[in-house]
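Chain lettering (A, B, C and D) follows the sequence in which the chains are written, and residue indices restart at 1 in each chain.
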């Protein structure tokens, strides 16, 4: 398992670094919310999911999209605004999607996909599917009313949802304790009737084990399960750079997280050859994906007017008037 | 104290019964959500409040309005749609208001006044006032996202709010356990950091004592406090009649509540003369109020266009263009 | 109010004697029932859809027939339930989400405007969102500020949403079937008073698809476009106008988005006069849009006189004394129409005709 | 972009040399600062108003100067925080509630439409609601579907709300002061790109009160009404039109509700041609309302040719390749204006003039 986890972690880290490297050239004219430092959350969860499982996330969705198997070429092309992007250039970094991989949506309005995930889970349950929905959101999202409403409904209907709160302690530049009267997200989840546990220290292996352990019951109809994963954002909220100079957080706050970096941790847990092969593969894949994005064409002007509606065949039923 | 509580309880009960009696004549062309059976909640709380304290409630607001000292004549005139109503006939039963008595608002959209109450409390705290806000809402309102958002903010800013959840177990015809995955409202309040307690059995004396006991700390800046009061609606959700024939609840469900009727309970705790005097006064007051409503004029047609905006004097500042 | 006798029968499309007559409520119920029977992906939910009152009866019996997984009441959580409806649609279900008042959609605007309307486009066409949102406009008996709004223009404003406001039992059934079969989000606007309407409704399923307006009464002197319940008032107005020799043509847009402008243009080409009566406020309303489009299309070629009516530009008052003045009605519409036809303020206001009196609506709600 | 040199200087009201020049951001900040200094009941809150970025700088320094009780960031709870703002206003405070994107107001619609707009009326005039809601329209650099909407027509539709969309630093300050002193809820619409504008701003407090439009550039051939950032584009268009001998008059409504129709009518009486350019979608938009009102008032007396422009009737795409086509700009506005003036499709589209190029906006956001 470690090689798989390492591949996924390394791949996301390097894609994000590559985006940051390219960004100053202005070829990516899209806001980017990098997940550098937070890769372990998406990787730990998605590694324990089945291909038919579905994920919903946020504008900070690169890691989730890649960890769940979203197409890398299409993702980069999307950031470039090219016709070959996963959303044909119409969604950008904040609206990644890949239905084939079970990546069903990411939103730029905080909290919105929590309710969408719950509804999707209702449909799975209704269809007697054994698939589940994993829903990723930040600590700030838990302050939106939709979070409370969605948890209540998920418990009421015992829906197959894994709620994954990526607690990086900040909403943009504001600390959790300045936004939450009682900064205990698991406690709130439990008050709605959810089993909830907190994974400290961004631990990818522990998270992976725990998701594997609880998923079967969730699939079997035991109801939703809640994980709060403590993690940390190394870069600025949006953009390729750092934000320590802004003074809202102290640079040494990041140190323990860098020391516990899950990418390096997993690297050290696998043998050198495997590691070299993985990194070689990934670098080649990224280089190819960047080239693909660069060389892909822009959408045709006519594309502006497509995709507003899905228009099927004329209504089959006879019209008496 | 008992005579005061009895007067308030008896007065509300009789006003509601009088409305129910008049209703079939169609002179009250307004939806009425009667509080018969639930009077104890408003009475127990408001009896422990100071005149400068403020209350916010719901469309089921007759009891709160009267218990806090809202003008009875104006209330009935409002239900009749007369120009002398507390909202000049523009608000009806669901939008009772009496700023002079600290009744600051009632809404027909479930949950909305919870946030308004919290904001009002912020203003009180900002002004260093020792007043507090008591906010009444139903068990269904706790399912709206605004409930969670408002509790969090009230705790974060340690605002002087008493949250009073009138749990009559139903939202229209739907039981709490069919709407809430974990029907523990106090538990949810605690998860947001509020001290919360449940008053069983609609006990007006216990509620009164407890509010008296906690109010000083709330005024002093200790932060909000949460009460869930178990109570029961004797009549139909809206309208003057009963709804047991609809079959969604069983008639004997009401029996224990009728036996524990707080109006009768208090009646039996005061001496016969006092009781007779109180009832005489109240009946006379109600008769006068009904007559006032009946005889009051309709609003003039021109009234349709007033009160959209508050237009003060032209802007005092010189206009350079 | 059955067929031939009523002055409102003009609203019936091709009425053949002996045809089955249903109420608007029964028509909505039947449409949902037939679509659920046809397609197991159709589900109905929303506050109180499974309670004894069954949303005025429009969901009566569905829970018993299709079970609690396909028909269920919800917590008081409009925002999340709308988001859930979107998630269900993404998964291929065809949810019908019901709201007893349109005013409550204000709690669902984020999901409707920012997610439902945009998902297909912002995901490059890789998803479809077959979703129907039923919402009712309330009126009279002290509904007041928060239970009376007709906010459909909000949804007309946003690309990616379809909007329909049927005014007859016939269209209520056909439009709901069309909405359920549409692969996009459709806001289906009902009116509490229209629920009492009766009219011919074929038993077999049929669709009244997007983009088709209907001429509900022919005439050559002026075109009256009545939206939702105002369609009824326009048909009343037509009779008052007939009494003074003015022949009004009445149109029902039925679908507000997409809007069938051609039918309106064809009528206006004959009448040269257009009065749009909104079942809401006029500012930035459907009437403003219809008039702007008609003028943009006709200017330079024909002179058309236009006018809008709608709710008074105030909050809805509860007292009957003022509520009466808040809404346009058959008589005030007739008066405005005559002024437009004669090109001057005539000061005429017809006396109420007993046979054109409004439906008696008695509370409590 | 400082005064005299720029072709956009027509937008300055009475510019006297040596007058102080501020950016839009500084003007907004100064207005809030001066009102807070004048009146302790004025408070500012909203997500991130007290963070290092200080809402593009519009709230910079206020927290330090007035303290955390008067200037504070909030939880991510737009619905409750809007309700709280209403409660504060009921208690006599004058809150300024700030939103970094207008799109997020969709979470606050229930409190804005069902409570703020209605409280005074439904309580019979017994309360007042002095509340300002600042909301920003985003544009470019992949803002996309959910960070680019100009939804002000929603608020124009609802009685009880005032709406203002200043386009210059001068009006940004004057309108915010007027909004804060207004005893009613005011939706104050900003535009991310307008934040970069510079212009003369008197230091002493002044109000640009509701209901006054401004002629920002004189002309006799056609009237261009540009809303929010489209005011800038209309002034660009005016220069392109001048190159082909067409003298356009440009108006800025400034306040959208109440709307100053008279100024528009006076201009149209001369030009006989009206092009309204919306900073949003046109369907049921401000342009539809303005055109409907102008026609209702001018029909029979003068012939006026009208046209609307606005966002393409689709969701905002992120790719620059399509976003470019999504928005009207100086050149497309000029082309449409010329067609309207000449009464035929001329097929003319001016080449971009370097001095009229758009502001360079560089992300990440």
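Just so it is clear, a contact is a pair of C-beta atoms (placed from the backbone, for glycine too) under 8 Å apart; a residue touches a chain by one contact, two chains touch by 3 or more.
In this text the structure is predicted, and so the values were computed from the model without any measurement.
Annotation of subunit B and subunit D: jointly contacted by A, C, touch as defined at the top.
Among the remaining chains, A is positioned farthest from subunit C, on the basis of C-alpha centroids. Spacing of subunit B relative to subunit C, judged by their CA centroids, is 35 angstrom. Per-chain CA centroids place subunit A at a distance of 45 Å from subunit B. Mean C-alpha positions place subunit A and subunit C at a centre distance of 41 Å. Residue positions of subunit C with contacts to 2 or more other chains are 74-75, 77, 79-80, 103-104, 106-107, 110, 114, 121-122, 144-146, 159-160, 313-315, 317-318. Subunit B has residues 85, 89-91, 95, 107, 109, 143-146, 149, 152-153, 156, 179-180, 308 in contact with two or more other chains. In terms of which chains touch, the assembly is arranged so that all chains touch all other chains. Those residues of subunit C lying in contact with subunit A across their complex are 13-14, 43, 69-70, 74-75, 77, 79-93, 110-111, 114-115, 119-129, 159-160, 162, 177-178, 181, 183-184, 202, 205-209, 214.
The residues of subunit B lying in touch with subunit D in their complex are 56, 85-91, 95, 97, 99, 104-105, 107, 109, 112-124, 126-127, 145-146, 149-150, 152-153, 156, 306-312, 314-315, 317-321. For subunit D in complex with subunit A, the touching residues are 47-48, 51-53, 73-80, 103-104, 106-107, 140-147, 312-315, 317-322, 325-326, 362-365. By the touch criterion stated above, subunit B contacts subunit A in their complex at residues 143-149, 151-156, 179-182, 184, 187-188, 190-193.
For subunit B in complex with subunit C, the touching residues are 23, 26, 29-32, 81-82, 85, 89-95, 107-111, 140-141, 143-145, 171-174, 178-180, 238-240, 246-248, 298-299, 301, 303-305, 308.
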